[in-house]
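Right after this note come the structures.
Next, two complexes with chain A in common: one pairs it with chain B, the other with chain C.
Let's turn to the complex of A and B:
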């Protein structure tokens, strides 16, 4: 295979300053106290979904991992970052087994959202938007994905009235620097040019916390967030 | 000639229409109502039969008399028209009395069946369960060991968190042990009083086998009571058009032995 050595050289020269000075903010989200026990969901009214869950799934308002780690927390740059354009790639939100997969998605303002129905039943997707126009669309089984965009940043609670237990969130952000904690509660915000940033961590039940942090160069800074669990 | 053919046609149509009415009483399962699983259901079924028979006989008699008159007088070319004795007013009065007596008789006889469900209050020891209808699902609430329902706070309704009734366990102690279920589960041979609460618009609670159909009316807390007599699983459907998801608004009634019910209730509260 022939490689273009001058091209690589040029690319390295152009890209190296940015690559060299790209900091990362990483850390972990935990909770203190005892979170409320999640309740099992009865899908009795929708047998096609009920049989997909031999053990009933539970509500996902507070999802925790080992060592008091907290999942489904959206960690993002809320101030100081460049308000880059929306990526051209769409974000997919799937309805499967009468559950939203994943429970929380994040997307940039103006970024395409594809809502997919992977079930044998109709769903209605109802994002209860406040800063954006509210919509409510029905999606029968086998229907093409619903394609939508949100122009304003906000956290939108998403519901399906046909299956009232279904609940999810759209985190519409003005930044592409975000991370949603999964199992282990870890997050990482890479490729941050030097600057002063405000990092926000949002949880659907516990609210938002912020921390200020300065990135000076090619470094990885560690910050942690800790939420106080609610008893009810 | 045409008039006589028309008269025969009327009689044929009348007899053909009577087939389903007669088959309701004499033919097999395909036209009989679904299995009855309640103590009051027999009275309702009997009343339905009485109404069907009475209305069927009246219908047949009216059609046959009509046929007779058409046969007799359709081809008359001339001659004086006979009017009802006493004229139109008398005819309306007689018709009014006839129909009125029929409706009144059916009402008086039928009120007995109706009253057992709707006018007689539930026994003091009936098991109280709250049923909430909302777009587009039913949810049921049991008061838990303390026997008290926690208060409903509409602003606290959070379906994604399974708080379908808007309970406030943080401040309201009575609500802490309330058990919420997506299915109505009841013990067999025990009277149940269902307290109906509409979350949003009008809905209806209908279980064919229970012989109960009662609307949920927003703003009115209505109740129905029944005693299920057969163990099994039956469908609960909404029979009041309530919006986009109405077609899929349903739940299930599961009737269990007292022992199984106690186990189920315990499993729900843990």
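Let's turn to the complex of A and C:
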């Protein structure tokens, strides 16, 4: 019986993808302690952006929600998953109001990234890549999207140096199974065939945590991550 | 019995003087004088004209340690013993990110690019002009610094950008260049007069989070140079390829080739103390740059074209 389960799983995966067993891993990311207070951003040097924010936006290093939930955490399958090909659909990263929307994006190695400038001002897009080539491109208002790919997995800090408050992240992953926590800190990784997985949760300031979990069939398994907040 | 004792004594002294017994055997190529042990490195080559450089030549090893390691470090990571006194910091060869390239942003430079950098030195930095090296020495050193990053084994150098012939300098080309300088917001860092005092200048940091200043065009005299050269072609190349590892981005995707030459002509006029044909043209036009008047279909008919000379 013990040896049969994987056989069935493999057979099902190969023979009938439509009937494929698929589990879901879902949960919530929270923090303990007191996170550092985010600072308001002055865009006085860029009036065209400043006027888009009647209430000044704050830095986004740690974004929290109600009940100690933590946003902008990339939860992904770091081991055990299929290293499927990059989706043909591009991921879009927008600069609007001198802010990166969203603050964190995730994409597959080799997947197209479209960087869009929705502002009336020039930006320079400078991903501080280490495992990938480090490029730095100017994008004036009205310029077409910058199209790029990253071949190696890494978390890349992205900056605009003309507007030094602009800071974001590219999470380049070797999997399509990822979820970025938003309001409420919730994540969900659906369509996981039976198998043993390592789930990683990455936060730009608090680092990475992992948990191992096994999916046996059509089921939803719940796991939560809790990060210890840094005082500064 | 006597023999055994003798062998035993050598054994004991080797234990006691372990380092001395092992070092001469393992470091036969050249003495490793740095604080870090010699690590096996790939054998790399460089090709400049008909000169081939070899990273494993004893000369490259000696020259690097004698002339380069003091700043760039034994491991090529830019952490040499002098690095703490130097600003901007010495290049970190282990990252293989280079400022002066003829190749697009994010790509490796050509061997010729590195050869030129060694021969030229880097203005406003501690990197001197290495006139004392002959071409073979430079080629060997280029091959040697390639051993510090695996990128050189995995990637090829980028394809150098194409630089079209320079059109004549006219007051119109200068005027259009100034409009581009404003539109592309070069002034945000370099300042309206190119003095390196734009609104974003004070906050700039390089890719190692070290403060860095934008280039001040107005500073220096008749011999003022840019970081990556002094000719009009060099200026063209600098902003089209970007200065990788610094906040200076590439404008290759946003500036048309002829527009780029107009920008070059304007940038020359920011070098107020330098004699140039651009400053001559500006002086002849009364010393004032007229406002640029947008023409129809600027891409099809570049403003700097021969028909554009309205005077």
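The rule is simple: the second predicted complex is superposed on the first by the 212 of 232 C-alpha atoms of A that agree within 3 Å, B and C clash if a C-alpha of one lies under 4 Å from a C-alpha of the other, contacts with A are read in each partner's own complex, and residues count from 1 in each chain.
In this section, a residue touches a chain if its C-beta (ideal position, glycine included) is under 8 Å from a C-beta of that chain, and two chains touch if they have at least 3 such contacts.
Here the structure is a predicted model, which is why all the values come from computation and not from measurement.
Undergrad: Should the superposition on chain A be reported as showing a clash between chain B and chain C, or a fit?
TA: With chain A aligned, chain B runs into chain C, so clash.
Undergrad: Is A:130 in contact with chain B, with chain C, with both, or with neither (first, second, both, neither)?
TA: The answer is second: A:130 touches chain C but not chain B.
Undergrad: Is A:39 touching anything from chain B or chain C once the two structures are fitted on A? First, second, both or neither.
TA: It touches chain B, and chain C stays clear.
Undergrad: Does the superposition put A:166 against chain B (first), chain C (second), both, or neither?
TA: Once the two structures are laid over each other on A, A:166 reaches chain B alone.
Undergrad: Based on the superposed arrangement, let me know which partner A:143 touches: chain B (first), chain C (second), both, or neither?
TA: In the superposition, A:143 contacts chain C only.
Undergrad: Identify the partner contact of A:231: answer first if only chain B is touched, second if only chain C is, both if each is, neither if none is.
TA: The first partner, chain B, only.
Undergrad: Does chain B (first) or chain C (second) touch A:116, or do both, or does neither?
TA: neither
Undergrad: Per the contact definition in the header, classify A:90: touching chain B only (first), chain C only (second), both, or neither.
TA: A:90 sits against neither chain B nor chain C.
Undergrad: What is the contact status of A:59 with respect to chain B (first) and chain C (second): first, second, both, or neither?
TA: The first partner, chain B, only.
Undergrad: Quick one: from 135-143, 207-215, 225-233 or 261-269, give me the piece of chain B that collides with chain C in the overlay.
TA: It is 135-143; the other listed stretches have no clashes.
Undergrad: Please report the chain A residues shared by its interface with chain B and its interface with chain C.
TA: 45, 121-122, 124, 138, 161-164
Undergrad: In the complex of these two chains, what residues of chain B are touching chain A?
TA: It is residues 134-138, 159-162, 164, 169-170, 181-183, 243-245, 248-252 of chain B that touch chain A.
Undergrad: Which stretch or stretches of chain A touch chain B in the complex?
TA: 39, 41-46, 59-61, 121-122, 124, 138, 157, 159, 161-168, 205, 231-232
Undergrad: Spell out the part of chain C that touches chain A in their complex, as residue ranges.
TA: Touch list, chain C to chain A: 95, 97, 104-107, 151, 155, 183-185, 188-189, 199-200, 203-205, 207, 242, 244-254.
Undergrad: If we count contacts the way the header does, which residues on chain A are in touch with chain C in the complex?
TA: Residues 45, 121-122, 124-126, 128, 130, 133-140, 143-144, 146, 161-164 of chain A touch chain C in their complex.
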